[in-house]
Structure formats: C-alpha cells, structure tokens
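This is the structure I want to talk about, given as structure tokens.
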Amino acid sequence: MSSKLVSMREAIAAHVHDGDTVAIEGFTHCISFAAGHEIIRQKRRNLTLARMTPDLIYDQMVAAGCAKKLIFSWLGNPGVGSLHAIRRRTEPAALAAGESLLEIEEYSHHGMVGRYVAGAHRLPFYPLRSYSESDLPKVNPLIRKVASPYGGEEIWAVPPLNPDVTIIHAQRADAEGNVQMWGLLGCQKEAAFAARRVIVVVEEIVPTSVIRSDPNRTIIPGLIVDAVVCEPYGAHPSYVQGDYDRDNAFYREWDVISRDAAATEAWLQEWVYGVEDRAAYVAKFGADYFTQLTPPPAPSGSVDYGDYR
Amino acid sequence: MSSKLVSMREAIAAHVHDGDTVAIEGFTHCISFAAGHEIIRQKRRNLTLARMTPDLIYDQMVAAGCAKKLIFSWLGNPGVGSLHAIRRRTEPAALAAGESLLEIEEYSHHGMVGRYVAGAHRLPFYPLRSYSESDLPKVNPLIRKVASPYGGEEIWAVPPLNPDVTIIHAQRADAEGNVQMWGLLGCQKEAAFAARRVIVVVEEIVPTSVIRSDPNRTIIPGLIVDAVVCEPYGAHPSYVQGDYDRDNAFYREWDVISRDAAATEAWLQEWVYGVEDRAAYVAKFGADYFTQLTPPPAPSGSVDYGDYR
Amino acid sequence: MSEQRPASKSELMVVASARALTGKRVCFVGVGLPNIAVNLAKRTVAPEMELVYEAGVFGANPARLPLSIGDPTIVTGSTATVSMHDLFGLYLQGGRIDVGFLGGAQIDRFGNLNTTVIGAYDAPKTRLPGSGGACEIAINAKEILVIMRQSTRSFVQTLDFRTSPGNLGGADEAAKIRTAQGWGGRGPTGVITDLGVYGFDDDGEMVLRSLHPGATLEEVRASIGWEIRIPHDVPATPAPTVEELRLIREELDPTGAYVS
Amino acid sequence: MSEQRPASKSELMVVASARALTGKRVCFVGVGLPNIAVNLAKRTVAPEMELVYEAGVFGANPARLPLSIGDPTIVTGSTATVSMHDLFGLYLQGGRIDVGFLGGAQIDRFGNLNTTVIGAYDAPKTRLPGSGGACEIAINAKEILVIMRQSTRSFVQTLDFRTSPGNLGGADEAAKIRTAQGWGGRGPTGVITDLGVYGFDDDGEMVLRSLHPGATLEEVRASIGWEIRIPHDVPATPAPTVEELRLIREELDPTGAYVS
C-alpha cells in the first residue's frame, strides 16, 4: 500500500477548504490542537465546526475568525468554566462592533453521537430516547419525532452528520492510516466513518506489523484515511493516554486569557501565528515542560492471538 | 464485589427455563457448546433458540428435542454444508412420524445484529438498508418499513430481540463477570446487553487487576452478568482465538453423523448424556487431542495506559 | 481530630450527597462536587458502587481526583473503557444506570433543569454549556439527584429554557408522559443544596426534607424563587462525621480545590 | 512445468473470477471458490486488494486457506478485527465495499438470487441456509460478482424465493428502485460459471461474454433454464496461465479441497 504520510501543512492545505464542515473530534482525550492551529495559520474561513465539546480548540478557532457556525452538545472549558471567545460570539451584549453572532446548532451528547453514527452507517436518521419534554427540539428543528413501525410509540431522531473532513488524533498508526488508540474512544470512529475525508494525526508511526499484531485495537482502517500526520505532542494541552497528561494548568490559564479579546489575540499571535508548526510550538515550551506531563508506565499486558497456519 | 462463579450445572439450572428464549452467540468463534450440552442434559423443552448462525450446537439441541422455534439469519454447517437435524424439522418430506415442524423466524445477518442492538439500546426498532426487494419481509411480518422524518425515503426496520438468557464464551473474565475477549467479536456484546440474564463461560478466570490493566479490551461488564463459569475447552468443536483451533474434522464428521437420526441420537448418548460435564467430555477426548489443536503463540504486544496519580 | 474545623457549606453538600447514595450500585458521575460525593460514598455508604463517566468509563477507580470529566486517571485501572456510543446507548439508554447526578443554572419546583441559556435562546443574556448528556441522563437514569447551591437566581419560578425534564408540570403529568414515551427512569428524587436536602412529594413538587447544621428556614425561603414546601417538623441533616470530613480533606480534595 | 495438467472446470472458474477483480480495492469474501479466487487475485491482478470477511475482519492476511468464514487464521495478522455491527453497518452499509461475491442455489436472468428454499417457503422441498449477509451485500456492495456452476436446476426461469435482489425485473426497474430506496450499489456486474463468463446488458439481463476453453455454446444453452443471450462473436476466456495454475495448486489449495 502507498504511504499517506504528509506534513500537517500539506494535510490541511489539501483537505480543509473554506466553507467546509470540519469535525475535530476527541472527548477531552486526543484533541488535535495541532490541526486546529494549522487551520488558523492557513486562515480558513466560514467553517462549520462540529464537535461534541468545542473545548479550547474551537474557542481559539472562533477567536481567529475561522468559523461561521457551531454544531455541538456541550460548550465549555471542561472542569474550568466557559469558553469566553465563543460566548462573545453568542451573547448579543458581548458582541464586538462589526462581528456577527455565530450560527448555533445544538444537540445533547447522545444526539451528537447519533448524528455521526447515522452518517457513518449511511442511515437517514438515528433513533434515540432523548429530548422528550426538553425544549431542545423547539430550538432545533432537525431534532424530530419518528414513529416506530411496531406500535404507537414515537421516539426521537437526529439526522446524519457527514463532515467534509474529520480530524482525529491517536497514539499510533501505520503509514497507510490504520489507526490504533486506547483510553477514551469518544466518537472518533463514527465521526471518521461519517466523513468525506479523514486526517489522522498520531504520536508515532509504527510498522504495519505492529498494527497487525493486535487487530482488535484498530479503530479506523487506512481505507477511509486520506492523510496521516506524525505530530508528537500534537494534542497538547489535551492529552494522550499513556503518553502525556492533560495540561490542566493551561486549561485554567485559557480561562483568564480568553476573557479578554486583546489577550486572546496576543496569545494567538505568540503561540499559533508566531510558530511555524507544531514542532516549533513544542520547542518553544522546551522539552522539560512535556517531561513533567509524562506519566509513569501502566502496561496493558499482552494477549495471544495464536499463529494459525 | 461478590463472586458469581458457579458450575455449568448450577448456571443452567438457575438461569435457563423451559419456554425461554435463549441466545448462545458467537460467530464461528467462541460458541458455548458446553452450555448447549448442559441444556440438553437438563432436558430443557420448548426453547426459542436465537442465533445468527445456528451451527452444530443448535442442530444438536434441536435433535435432542429442546427447541420449538429458531430465530436466525444463516442456517448451515459453516464451511461444510447443511444442518441435517434441523432440516429434518423444517422440510415436511423429511419429518419423522410424531414430530412437528420447527417454527422459523428468519432475518439476514445485519437484521439479526440490528435486533440485538435495538434490544440492548432499549430502542423500539433498528433501521437498516436491507430487505429492499427481497422476499424476506413477505415471509417475516416483523421486518417492516419505517419512514424517515427527514424526507420521503422509507427504509427497513427490525424489532428488538431481548433474550431471556444470553450465553457467551470468551477467553477470560474475573469472578465478577467482567469479560475480555479478542478475535472475532460477533454480536456477543449486543446480545448480552439485550438479555434479561447473562451467563458467561470462559477459558480462564483472572484477577480483576488483569481486567483493569487493559480496560479497552473489556466487552461486557460484570454489572450485566448473572453467572460466570470456568470451562476450559468449553467452546470445542468451535475455537477460542489464541487458545485452540476450530476442530474442522469434527464439523465434517457431524455432516455424516447428523444425516442419520439414529446416528445422531447415538452421538448425543455418547458425548452429551454419557458424560457428566465438560471436564468429562474433555477427558474422554484425552489431553493429546487438544494439544494438536493448540496454535503457537502470536502475542499482541503491550500498550501503555500511563499511571496518572 | 479534636481540632477538626467545622464543616463548610460545600462539605455539607458533599456529605449529604454521598449519604443519598447509600446502597446504590451504578452512578453516573459528574465533575466537581458530585465527583467528590460519589467517591466519598464509595468509601463509606456504597462500597460496591460502580462509577460511570459519560466520557466512556465504567467501573472507574481514579488514583487522583479527576479535574475534567475525561481525565486520564479515570481510564487507567477502570473495569471497562468504551466508546460514547456504547456508553450512552448500552449503559444509559439501555437502563443500566441507577443514579445520575445533575446540576444546572436554574431549577424549578418540579425539578426541571436549565443548563442552556439565561434569557432568550436566540439572543441569550448568558450562554451556558447546554445539555451535554444531561437531557438523556434526566430521561434514562433510574433516578436523578441534583446538587446545586441555592439562590433566587437559580431556584426559579419559571425556567428560561428546559434542558432536562424533571417532574414537568407535576407528578401526574410526569407519570403519564414517562410511560407513554418510554422514559427509563422516574426522574428527580432529591435535591442537595448548601442549606438542606429536598425530596419530591406526591404532587412531584420539591419539599424540604432536612436542614443542614447552621442553616435556617429563613435562609431557605429567601433563596428560593417560589414558596417552597416545608413540612412542620423538619429534621436537621445529621452533621458530617469526623471520618467523612477527614476523607474529604485528606484523601479526596487535599488542596481544597472543590470543597472549600 | 511442461507437465502441468490442464485446468479443471473449478480452476477455470477461479481464474476467471480472480481476473474479474483486476484493480479492485475492497472485496467482501465468501468461503470456498470465492475465497481462492480473491486470494489468487491478490497475488496477481489486485495486489492492493483488502479482504473483508463478514465475520468482522478487514484486511485479512490468512496464513492458510480458511475453511470457514470465521476461521481464526483470518484474524491473526489482519489490519482490523471488529464487531459484526461495525462490519455490516460501517463497512458494508456505509459504502466501503467495492465488490461482493455471492452464489446461490438459484439465479434468474436478471441476476436475482435464491439461497433460502427450494419449493414453498412454509413447506420447503429443500431448506437452504438463508440470507446470511447476502441480502445486504447485494444491496450495499458497489458491485456484485456471482460464482455458480451452471445447471437448469440453478439457472432458472423463476426463482422459488428471492433472497437477494439483482436487477429485479430488468435494468430500468432496478435503476429506479436503487435510487428511490437508497441502495449503495449497482447490483450484479458479472456471473462466472464453469462454462463461461457472463455480464449484464442494457436491459439488465445476463449475456454471455466469454466461453471457457473446452466449453461449447450447446453446453451453455443446455444448462440454462431460459434462452440465454449470446452475442455473435463470443470470445474464448483466455486460458489460465502456468503461474495462475501453479499458485492455485501449490499455494492456495494444495490438497485440492476446493478446486479439484
């Protein structure tokens, strides 16, 4: 098979276009900040940003002017508080002169998962037992009732979500894009299968033989992957199970920075526009910074697949 | 947590009753023949036997008079041919005097998977893109059309299947019933979550610490498990990835045995009624028999979860 | 031990919440106070309890107090780490969760919750996080416990937005709709605040069940935006034990980040 | 090599099937002849092909020829081993399968297939295995190749049961229904038998495309239950190469269990 290994610059240039619907997924774990920052550097505009939890990365992308719309289920700085850049684009009183409100399309967690599942399974809708007597369907006409063909019962449905591009981060992949990850799996598999194009970012490129030694660990096959980027620490300040911890101090720091539009812009200038790529970002922190985020090992142990010949 | 470890005799006595809907799942891999044989020995009657691929185990249970109905998607001896005992109960010309035809409820593979998924997710139906212009919905009124709430399109649906008891076999579990397996996963997770009661049969009981060292490998939590049975070689003549190979010679032998009702009965007398339990069945084969089915190792390798404290 | 300082309001909330979990088996954990409460319960009144995190973890055994709902410490050493599709579909909607903890910016007398907006949805005064998993937890967990600090801004006559349904307009309506629409649970059963513990009466309306040490009925009334039902003899919430406070202060939140 | 014995009918089928996979990327494999054909194609005309087994394996790399569709050898060394929910939902229904191989007890002129019963459904003369994954493979794989031996019992005027839809009553009807009902694929594109290779014409009806070495048009006509469409100049199927036969006989089926 042919290698899909490219730089982040190449991956974003080739696969993320103005006006696209982009899903950078990963629930707290393995969020591709490296991809988000490169999208900011390449000045993509009018993106529809889909993500269960927009987290800091979408706050930064919104602050940088990349987004026209958000599709999400929980809008916050997890464990800390608000996403202030996004709030400035969603609360009329906080809106700066010349800015417009972001479009908002809002679900619950199960609903967002269901949208990706429907997209990935090529289903016209995904049924679920949520939304009953909630006001969410009143403000989101895409949340609809569906009648069961087995009785009078009506439950709720969400429509498929098929992003133009889904970007995920993981521990390892081979050059063809066969991806293995462990720890929180979020909805990455479903978001990737639902997408028209997939960019995979990993801490480490491994030989295909490593992937094939534990095939149950594979969450996404190279078949659906368009680009593979090797980007150590590419998920910082989020984390990669076993590789580095969440930089909780930065999550708290962002709460302060992002309250102020000028401070936010200054941060983007220094840490996004001001660095060429993720390697430069990592170098700017210094190696010691990441050493203190590295946990001692907790090995899974090995299982035996058996050599059947 | 309290141990759920019991003998197979106790597990079947406590959890499988006459008239129950029973699902012994496992797609070629990890089929609990040990449980099926104990159900035969305990002379359960009028069971509805659900399974994607009835395989030899349901052929044997039908021959032994346990079943009144089959729910399935593919009825055969995989890689060999027909299930002759079941054919004798489904083809009027082959029916013995005094016997009645089995009730038949038939789906496709995706449909059977969908039935378990709906049962496990507590959904009133599962939508899928199958059955269009097939005759299957004509002979199974439970396969119905469902209208998408997002446009004129109609697709197909199957109803939930909630077995009274699901029985699965796996490589390992702890005494609480946290189950880990690798290799073909079939629909065991969904069939177990859909069931009212769950019996887990494993090759090996491991300390909970082994389970907790690789939590992504867990397919079923002890929470939904009622009984744990340790039964080495309990899946023979099917196989357990890494532990032993499929006994293809027996699958071919069954094709000969099962063509003849008397030979089938003689086989049941010798290998099911004539042995007290699975340990006696294994002993009757002799240790060497299983040694030749044991593959050389093919280790998965270990991954690192990180010790976060 | 004799030097132990008195319980703070946060500590009173945590201890009362932990006790509400007595004998419970499977609890959907939120971060912050619920997280500490659940971990306290596991060490005291509910040793067999399994912690479920919406991020996809069942049987978590965190070696440190998780800061976020998806902290890596909830994964390492857990019984099962699964996709969110499985977590929300098989575990929550499938009916395997006994207790879900919720909070919110606003609650009404029937335990309905708002975590979406203050003000109009299209032009909010304050944009809140939204549902996350709250809407489906409210519908599908077998029962709901709410943890919130009292104030007339949060205990309101009318919600600005109903994110997560509670007892709707009252017990009768709620019972009918739960059956008709196949909800998995019976809705809110308790509200634990900084001043007291509340239950729900036969009308489905919130009622004071016990008053925390140091709190007064006047404080209770003054911080609730409707006329709260208060029975004649309201007992005092039993004070935290020495051991409960020790566990919180020394093991669960040694830096006092949450319970101060 | 000069001693190589002539190709058997099974070998002709396998070689023709393998060649039909030229350049294909993702193939849903059945056991028996399709399995050998696909493995031959991977070694000759389609080296980049990924083998998908309905049992839940993507990118299989079997070290021996699998006897059953769920042989452990398809798992060890595969790229991904997944649940059947994922295999049928994400891979097949999701539109990731280029070619599906099907066979059956009966096929009609439009490539519709029966694998369910001979005789009446409720009182069958012969109870066949049923659909398995065939019904959804027929609908969702981008194209379908059929491998079957010819006889008037199997190439029939009218199916006893339509398990898996092909071109229905003809190309126009099939095209309309595929669009209206959102099928993922375009249905059958080839039928490979022991006598020849067939395609489908603009009417959606089976038509002879090439005649295997040694087979005659008389044999073809005599073993098909309808008047098969045969163009004026039917070419001969190019004979198996020395290397193709060597691969089958020495590597893929050394015991001759399938291709004898």
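Letters A, B, C and D mark the chains as written, and numbering starts fresh at 1 in each.
In this section, a residue touches a chain if its C-beta (ideal position, glycine included) is under 8 Å from a C-beta of that chain, and two chains touch if they have at least 3 such contacts.
Just so it is clear, the structure is predicted and the values come from calculations on it, not from any experiment.
Visitor: Report, in whole Å, the distance between the mean C-alpha point of subunit B and the mean C-alpha point of subunit D.
Guide: Result: the chain centres lie 29 Å from each other.
Visitor: Quick one: report the Å distance separating subunit C from subunit D, using the average Cα coordinate of each chain.
Guide: Whole-Å distance between the two chain centres: 58.
Visitor: Taking the mean of the C-alpha atoms as each chain's centre, how many Å separate subunit A from subunit D?
Guide: 40
Visitor: Which positions in subunit B are in touch with at least two other chains?
Guide: 122-124, 128-129, 153, 155, 182-183, 185, 189-190, 213, 216, 241, 245, 295, 298, 305-308 - these are the residues of subunit B that touch more than one other chain.
Visitor: Quick one: which residues in subunit C touch 2 or more of the other chains?
Guide: 57, 71-72, 75-77, 81-82, 89, 93, 182, 184
Visitor: Thinking of each chain as a vertex joined to the chains it touches, would you call that graph a line, ring, star, complete, or other?
Guide: Graph shape, chains as nodes and touching pairs as edges: none of the named types, so other.
Visitor: Which chains are in touch, pair by pair?
Guide: A-B, A-C, A-D, B-C, B-D
Visitor: Mind pulling up the subunit A residues that touch subunit B in the complex?
Guide: Those in contact with subunit B are residues 122-125, 127-129, 142, 144-151, 153, 155, 157, 159, 171, 180, 182-183, 185, 210, 213-214, 216-217, 241-243, 245, 295-308.
Visitor: Touching subunit B in the complex: which residues of subunit C?
Guide: Result: residues 25-26, 48, 50, 57-59, 61, 63-64, 71-73, 75-82, 86, 89-90, 93-96, 182, 184 of subunit C touch subunit B.
Visitor: Mind pulling up the subunit C residues that touch subunit A in the complex?
Guide: Checking each residue of subunit C against subunit A gives 31-32, 54-57, 66-72, 75-77, 81-85, 88-89, 92-93, 116, 121-136, 139-140, 161-165, 168, 177, 180-184.
Visitor: Please give the residue numbers of subunit B that touch subunit C in the complex, ascending.
Guide: 1, 120-124, 178, 189-190, 193, 208, 211-213, 215-216, 218, 221-224, 305-309
Visitor: Write out the stretch or stretches of subunit A touching subunit C in their complex.
Guide: 27-29, 52-53, 72-76, 78-79, 82, 86-87, 90-93, 106-110, 113, 117, 128-136, 139, 153-155, 182-187, 189-190, 239, 241, 245-246, 248, 251, 295, 298
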